[in-house]
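Got a structure for you, questions after.
Each chain carries a letter (A, B and C) given by its place in the written order, and its residues are counted from 1.
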């Protein structure tokens, strides 16, 4: 046998028994989240500088009130984006569910029952998305553009041109008073509870692992017994239900609903999720990141509104933040690649027939792995 | 002889033809819808009504052309609606503040605005390798914001716009509205370029198999960049025409157009995954959607049903495309399988 | 057209060497090609053929050695340079544009133009027709590339090469996925190419084909050139001997384990167009190997048993339990584990850490009240890392940072953690350095001694011969031979795999 070295060139650290050191995965994740914390603190400081009593409970209440529904919709969308799909129908489902609840209530249904009906509608709409994307394998961006239109259209059919406003006063209070004992709006509290649940599920349960694996490596996930299609279907149904919940809260908070409730909000939700560090390519993202992103967006909006900055400029800032949040990681890599190419000369293309998957994320790829021999 | 393929496969296997089965199909559906509606409501077929149909679809058709170029390369441009709004307003503002401005300059300015924004989209997508969904989404926000700032609550009305300009919005030649003619010209020119120039075929190659395209020497980044610039420019042009058509514009100009355009393009047979579809199909898709819209109105179907039907249609179109490609693949595979057992 | 010894070779590669890190993929790669000849390059897996091809393709630059084209020394800086030098590689997986026509595929980027730089479609189609006539095939240039059979796609690739004036065509396992009829057609094409003065480098495991179409044969072994001979001057036996000529005692001595009851029973397993009537069994304590050439259908058998692919006929029984069709979960529950062929795409989630990958198939066991216990996860990973002697930095490092051998250990850990009854392992040591190879073999041997049933798929003869108790040789979706450990040797396996009749001459 040819004399080849028995082992690889020595690695950084030799095998050292049971290495149970704390997880650098947190480290890697925390880099983005740390950035968000910095941005948040900066925003808060900015707000306080502008108006000395910025950091009081009323501000918190209003931020939560404004952002609550969007925040609730961001949670399931985060999971969907982690599986490398997208759901653009979120705001339309918000509108549809609100419309259904309002219509049924105006026809005499008790408000509780009407809410349940709205949630069922959410589940059905989500199931439609789920069947089309997970079972039929249709591209989620196109499908959810279709259901975005469909749901909005159904809301229009349900309500026509009417605006329903007669909701029981005791429940529309959620738009005015905080949860007793706290300074937070009802939607905020619901969001926080849900965020904790989602956080636990995503980071510490089988389901969460399955979701991440589905987004990172669907084929490998299948080979490990994960039902990728089931996972995606379930997430779309979940999204539908939670958007319905958001719709209920939105309607009751405003004490009114018309067919165009929440139009255009989907873009806010997507922006928040992406800014929260969830990768559009799938497989990455933390709940903390999304929560921070929600708070930043809400606070920023509040500060700018108090400064009487027009909503237009706010839009520019949101768009700018979103752009920066994707350009930075990708752009850095692109610049690196450009520099590498200028250094080494003509580009060494990968010959076809070699099964190297195009990887979206660059881990520490030394570029040369032991050749798969024939 | 060609290897054994099922009849279905052969029928759809011919590529490069001037009109694929899909475009013909849309045309047929279009005529059907038109015919059926006219039976219900004879007014649907009057000259006026048809002119309205054509004008109404013209803008979306134009946007569809640009969007097709982008989608063919496996990208998407969600900023077109906001470009329309911004362009329309800036052109209107130009006329308002400088009343003597020649009409042609208005168009130039509109196109230029679109081109600049398209260039930014293209640069970030192609050079910085950022997914176009995110880039154009962010630009949508930013442009809306800029638009809002510029508008500042001031509405441009017809009194601000030179008559010659507004005329483009409603004048006809031989009964065909100017808008439709312009849209038609755009479609024809771009369709021809896509078919007959290497750079056009490059776009299809990029969408069909990006790795193979790079290997074949196609300048991928440059082409994608150009696609976005064209998409932006056409949106800018559409913005100027928007102003001409509506003779007024405020901060909400063009809102929601991006989703409409994507729907039209998909219905028109452009695969959302890239690599196939034509601008002719996209334009027909726009025309079909608009016709259905108006047909519902003409048939006294409550206007409230429009959006739901549009949404359902889009879903049907996507599902149908998928079903079709699966059928063709299965047909070809089993034919090949039978062949293989020799 | 036969070669004349005085002629300047079209291409001459001399003593090329290439290493990747500690792995020396190519030690002495040498080959000469004359115009108008079909030249076979044969060798086992690991012989260095694909590295040599990549050097010719300009994808790799050799660490040492020379390359001369038409007598002139040449340095290929990249794939474009290789293309310009007239070298074209036809890979096993053609890369075409499915949405474009055949003619467009051939001429992408180089379409003939007419006035005003517009594509001259009729001229393009005519040129494509011309090329097809030259090749002696009938393909419609105006037909969409999507749906073309693999054989037809190959023809298109060959046409692509010709259209860019390639005069050296390298065909990498071209017949692996073709039927006999399609192979014959390909041979006609190769004869046509030879007639035009092109040189064809024909890389194949199928020796009967090699002798049917090639004038000369070059044999490689262990990254080195062994010999070149005219096809008429060498026999199949001699070729095989040159290919395999190493000693087999390097392999891990196998411990004889007591063979127990039947764990896996496969009856008439079929998958339309892929597998036909596969029947066999695997018992506790034995290693059954599926041997054969690439494309024989071995991995497909594994996938069908595990449920990743649906079978169209047949029954799979594990420990007496009949497995439902198409359910990996059911297979896992019955005690089946599958270490797949493609480590990076199917075996591991590359961006996740070692601990997460090891835990991926055992999530149920690791969770209490639905919550995954991080400590148990870490302990499981650490335990297996220990047992399999995994070399890593931290347990949480992404598996993409590991060497191939260590990655394979992670995959093994993932499945062994489930304490399976049957381990199906597909290409256990592909892309792994020698030292870890031996470790993996030792691990498998130990498992089998402990009562595990192993179904091993391997393209490496020494591995098959050294590890297996029984060898099932597959060819074109069928089992063509069953050999016991005692009676098997390289000769017999290769013959069964290449469809040779016993004792037949070349």
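Here, a contact is a pair of C-beta atoms (placed from the backbone, for glycine too) under 8 Å apart; a residue touches a chain by one contact, two chains touch by 3 or more.
Just so we're clear, the structure is a prediction, and the values are computed from it rather than from any experiment.
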_Mean of the CA atoms for each chain, then the mean for all of them together: which chain is nearest?_
A
*Comparison of A-B and A-C by number of C-beta pairs in contact, larger one*: A-C
*CA centroid of chain B to CA centroid of chain C, Å*: 45
*Which integer distance in Å separates the CA centroid of chain A from that of chain B?*
29
*Could you put a whole-Å number on the gap between the CA centroids of chain A and chain C?*
41
*asked:* At least two partner chains per residue is the criterion; list those residues in chain A.
replied: 349-350, 352
*Tell me, which residues of chain C touch at least two other chains?*
79-80, 95
*Sites on chain B at which at least two other chains make contact*: 211-212, 215
*chain B to chain C touching residues, read off their complex*: 1-3, 5, 9, 12-17, 195-198, 201-202, 204-205, 207-209, 211-213, 215-218, 271, 275-276, 328-329, 332-333, 336-337, 339-342
*What part of chain C is in contact with chain B in the complex they form?*
79-80, 95-101, 103-104, 108-109, 111, 113, 117-119, 121, 138-140, 142-149, 151-152, 179-181, 272-273
*Please name which positions on chain B make contact with chain A in the complex.*
76, 124, 127-131, 133-135, 137-149, 151, 211-212, 214-215, 251, 255-256, 259, 262-263, 266, 272-273, 302, 304-312, 314-315, 318-319, 322
_In the complex, chain C residues that touch chain A_ = 20-25, 27, 45-51, 54, 57, 59, 77-81, 89, 91-95, 172, 222-223, 246-247, 250, 308, 328-329, 332, 338, 340, 342, 344-353, 356, 359-361, 363-364, 367, 370-372, 374, 378-379, 382-383, 385-386, 389-398, 400-401, 403-405, 414, 430-436
*What residues of chain A sit close enough to touch chain B in their complex?*
86, 132, 136-139, 141-143, 145-154, 156-157, 160-161, 259, 264, 267, 270-271, 274, 280-281, 310-320, 322-323, 326-327, 330-331, 333-334, 349-350, 352, 358
